[in-house]
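Below are structures written as structure tokens.
Shared between the two complexes below is chain A, which pairs with chain B and chain C, respectively.
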Partner chain A sequence: MSKTLFEKIWDSHVVVDEGNGRSLLYVDRHLVHEVTSPQAFDGLRLNGRKVRRTDLTFATMDHNVPTSNRSLPILDQTSAMQVKALERNCKEFGITLFDIDSPDQGIVHVIGPELGITLPGTTIVCGDSHTSTHGAFGALAFGIGTSDVEHVLATQCIWMEKPKTFEIRVEGKRRNPHAVTAKDIMLSIIKKLGTAGGTGAMFEYRGEAIEDMTMEQRMTICNMSIEGGARAGLVAPDEKTFDYLRGRRYLPDNYEKLVDYWRENLKTDANATFDRSFTLQAGEIAPQVSWGTNPAMTVDVTERVPFPEEYAKGNLEEEKAAAKALQYMGLKAGTPVMEIRIDRVFIGSCTNSRLEDLIEASRVVKGKKVSEGVRAMVVPGSQHVKKQAEDLGLDRIFKDAGFEWRESGCSMCLGMNPDILAAGERCASTSNRNFEGRQGAGGRTHLVSPVMAAAAAIAGHFVDVRDMDLS
Partner chain B sequence: MKGSVIKYARDNIDTDVILPGPYLKIHDYNELAKHAMEGIDKDFHKKVKPGDFIVAGRNFGCGSSREHAPIALSYSGIKAVLAVSFARIFYRNAVDGAFLLPIEIDEETYKEISEGDQLEIETSKNEIKNITKNKTYKMKPFPELIGKIIAAGGLFNYKP
Partner chain C sequence: MEPFTKIRSIATPLDKVNVDTDQIIPKQFLKLIQKTGFGQYLFFDWRFQSDGTPRKEFVLNHPKYQGSKILLARNNFGCGSSREHAAWALLDFGFRVIISTSFADIFYNNCFKNGILPIRVGEQVLQKLFETDGEVEVDLQNQAIRGDGIDVRFEIEPHWKKILLEGLDDIAATLLHQDEISRYESSHRDMNPKSS
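Here is the complex of A and B:
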């Protein structure tokens, strides 16, 4: 029988099939961080359980670690306690931890692939919704809550109801791949499908524009699957995937043999069918800017902030939501996006903090200055990304322009460490969520690509990066 | 199960407004509860009573995987959230720790239920009685796995 890539990975991990898709799945890799794990470890202790596969479990601290000087102690007492708790738990249960001083520390979804923990054809879970990122490698990767974290720690398995398959085809070529990025493609997909378009499904991204992408670009795409409602997103692995991973630290010894198997098997069969399908033409996509309070509230940079009735197309609920969003965002309908002035710029997060993101953004910044009154920061996704960027001199380019160059972590993506927006501040952000208060209570987030964020930092407002020389 | 309704007539109520990021560092569930819904309703903590239900639109609980969101609602006294649809991680988190029931209702039912209405929910019959309006609605039955986890009283009691 013909199968999709998702079905192949699912079927190869079923431990118990209870019928109707209700299955116990084996978990190949479990990634752990400080925020969603303490109660899970408490639960293990309370019930006298051990971690079943310490060799398949890896931990780091990323969500609430400060990104300023690492030689200083964490001032926030509750953050310090959470970080300490993870150290204690990993020691007690025998789990590999990349702690705050480790050269391997970073955002969990950046370091997984970087260290070769993420592998094609595997199942990967983590107590974080952006676990979907790892799908870029052809892994079935999804976010789970703390109870499931405890369950996986104890059993290395997870109960799941089989999701639907949803094919997302991005056809053709991008017109200007430096200006129209993976982020713009993903925001366009979410804009069209809505934030719940993929609920109950797993996306598989296919088509020429996806095949043309680098691994880092595919990670940006898969990362935001959850913003489209899908718990996971997949891209079939190819030579780029295998090359990216080759030589990384945690690869199994029989890696090349596995590559041969993956090359043959990890793809959707020619006549397999998906439950749903959606197609987008890459050539028609422009740089995107979100104007509202969910990622589907996004327009082309050349457009205006929509009027609620225009956005809602007759749906009264949507109209109300858009009016509320405009109020929260402090925006007037009809304002050209390029006239929106910003106070802050954040280049970072598990969506856009990898080396390539920083290289692309640095091209915009080189030899220029951050606009007066704008505070801009670059937060590399991991210590390795930071080091590689510094070896290329990117830190100098950003610092000379007036950007802050930070230590790795989730930083201003989610407002639970010192990097936050003040109420009313407006931010061009390369992160993934523009929810109310996400970057700090009352903060206003515009989701954009790294090049769009960099250009906004220099101009003080949004600009169309297609007008710049980015080659 | 009987209680009164706190209604948020909007879609996409995300986990960041149900329990804002800064509070994810709190370990004590009763403390977490004090910040439930703070992102859109600063008065929630004052008005919620044990046994209350939340009624909302589509895609409730979208966003982060934080189990803190259903925990904060549960420890505030919320017994069920009735929404047109749920984001999947929240949906699962709600039942894993037996925190609250995520009940899917249709668009009409969502529109008809008002703030303060008294409801009686009978999940065994997939029925919601609106005592205030003297009406009965259907709830969408739980998917098999979710229903079984609920019946077991949470993930760790669930035996296939």
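Here is the complex of A and C:
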């Protein structure tokens, strides 16, 4: 019988099939971070349980670590307590931890692939919704709550209702791949499908534009599957995938044998059918800027901030939400996006903090200065990304232009550490969520690509990067 | 986990679409390392002004809805972050039932794991509930919602119904499958990471 890639991975991980659509799935890799794990470890202790597979469990601290000088203690006592709790828990239960001083530390979804923990055809979970990122490697990867973190620690398995399959086809080629990025494609998809479009489903991204992408671009795409409502997004692995991983630290010893198997098997069969399908043309996509308080509230950079009724297309609930979003964002409907002035720029997060993101952004910045009154920062996704960028001299380019160059972590994507917006501040951000207060109470977030964020930092307002020479 | 039977209470109408977990519990409150005490921070920025005084216009602050155990929400409730703190905050505040047209997947699971019943209903039923003034009864055993002029059945996955009715420990139930798990593991060793 013909199967989709998702169905193949699902079927090969079923431990118990209840026969009613619900199955117990085996988890190949479990990633753990400091914010969503303390209560899970407490639960194990309370019930006298152990971690079943310490060798498949990897932890790091990323959400509330400071991105300033690492030799100083963490000032926020509650953050320090959470970081200490993770250290204590990993030691007690025997789990590998990449701690704040480790050269491998970084955002959990950046270091998984970097260290070869992420593999095609595997199931990967983490107490974080952006676990979908790892789907770029053809892994079935999704976020879970803390109760499920405890469940996976104790049993290495997870119960799931079988989700629907949803094909997202991105056909053709991007007109200007330096200016129209993976981020713009993903924001366009979410804009069209809505933030609940993928609820109950897993996306599989296909088509020429996806095949043309580098691994890091595919990670940006899969990362934001959750913003489209899908718990996971997949891309079938290819030679780029296998090359990207080759030589990385935690690969199994028989990696090449596995590659041979994956090459033959990890793809959707020709006659397989999806429950739903959606297609867009890469050539029609422009750089995107979000204007509201959820990622579907997004327009082309050349457009104007929409009127609520124009955005809602007859849905009264959405119209109310859009009016409220405009009020929160301090924007007037009809304002050209390129006239929106910004106060802050954040280049980072599990969506856009990898080496390619920084290289692309640095091209815009090189030899220029951050606009007066704008505060801009770059937060590399991991210590490895930071080091590679510094070896290329990117830190100098950013610093010379007036950017802050930081240590790795989640930082201002969610502002659990000291990196936050003040009320009313407007930020061009390469992160994934523009929810109210996400980057700081009263802060106003515009989601953009790294090149769009860099260009906004220099101009002081949004600009169309297609007008720049980015080659 | 407290077993769930019947809940009867006034229903709090939260008339907003796409409510994300960042609104349900803002990030500054995710630093606690226990599961209790999150209720005071529920919908923090919507409930309180920056000086800490309650926002009178926000529905949860209305005297009529104090002690309510049922929350009515618009489409796509609980989207965004996987933080289970959102479920802990709702429970700690006193909500045992949330009724909406749809929920985000991770949040939906997190509710059941903590003894909260999330119910999906059609748009017309939800609208009727939003308009009702009196108490609403949610009867899990019979999968029914009853109120003034309302008597409808709802769907729920049988597994979750059982978990809620009996207040079961999920992990203990899974560990009954030890043999199957071990068998799976011994036949899939080739995917193990290199130990270092």
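Heads up, the rule we're going with is that the second predicted complex is superposed on the first by the 471 of 471 C-alpha atoms of A that agree within 3 Å, B and C clash if a C-alpha of one lies under 4 Å from a C-alpha of the other, contacts with A are read in each partner's own complex, and residues count from 1 in each chain.
As a working rule, a contact is a pair of C-beta atoms (placed from the backbone, for glycine too) under 8 Å apart; a residue touches a chain by one contact, two chains touch by 3 or more.
Bear in mind the structure is a predicted one, so any value in this text is a computation, not a measurement.
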Side-by-side fit of chain B and chain C on chain A, or clash: clash
Which of chain B and chain C A:A422 touches, first, second, both or neither: neither
Which of chain B and chain C A:C157 touches, first, second, both or neither: second
Greater residue coverage of chain A in the superposed arrangement, chain B or chain C: C
Partner chain(s) touched by A:Y250 [first = chain B, second = chain C, both, neither]: second
Touching partner for A:V35 - first (chain B), second (chain C), both, neither: both
Partner chain in contact with A:L75 - chain B first, chain C second, else both or neither: neither
Contact residues of chain A, present in both the chain B and the chain C interface: 16, 18, 20, 22, 24, 35-36, 38-39, 63-64, 76, 78-79, 81-82, 127-129, 143-148, 150-151, 159, 161, 163, 195-196, 199-200, 226, 229, 231, 294, 317-318, 320-321, 414-416, 433, 435-438, 441
Chain A-touching residues of chain C, taken from the complex the two chains share: 15-18, 20, 22-23, 26-28, 30-35, 45, 50, 74-76, 79-85, 87, 102-106, 109-110, 113-114, 157-159, 169-171, 174-175, 177, 180-181, 184-185, 188, 190-196
In the complex with chain B, residue positions of chain A that touch it: 16, 18, 20, 22, 24, 35-36, 38-39, 43, 63-64, 76, 78-79, 81-82, 127-129, 131, 143-148, 150-151, 159-161, 163, 195-196, 199-200, 226, 229, 231, 294, 317-318, 320-321, 324, 414-416, 433, 435-438, 441
Contact footprint of chain C on chain A as seen in their complex: 15-16, 18, 20, 22, 24, 26, 28-29, 35-36, 38-39, 42, 47, 49, 52-53, 55-56, 63-64, 76, 78-79, 81-82, 85, 116-117, 119, 121-122, 127-129, 142-148, 150-151, 154-157, 159, 161, 163, 195-196, 199-200, 226, 229, 231, 249-254, 257-258, 294, 317-318, 320-321, 414-416, 423, 433, 435-438, 441-442
Chain A contact footprint on chain B (complex, rising order): 9-12, 14, 16-17, 20-22, 24-27, 39-40, 57-59, 62-67, 85-89, 92-93, 96-97, 143-146, 148-149, 154-156, 158, 160
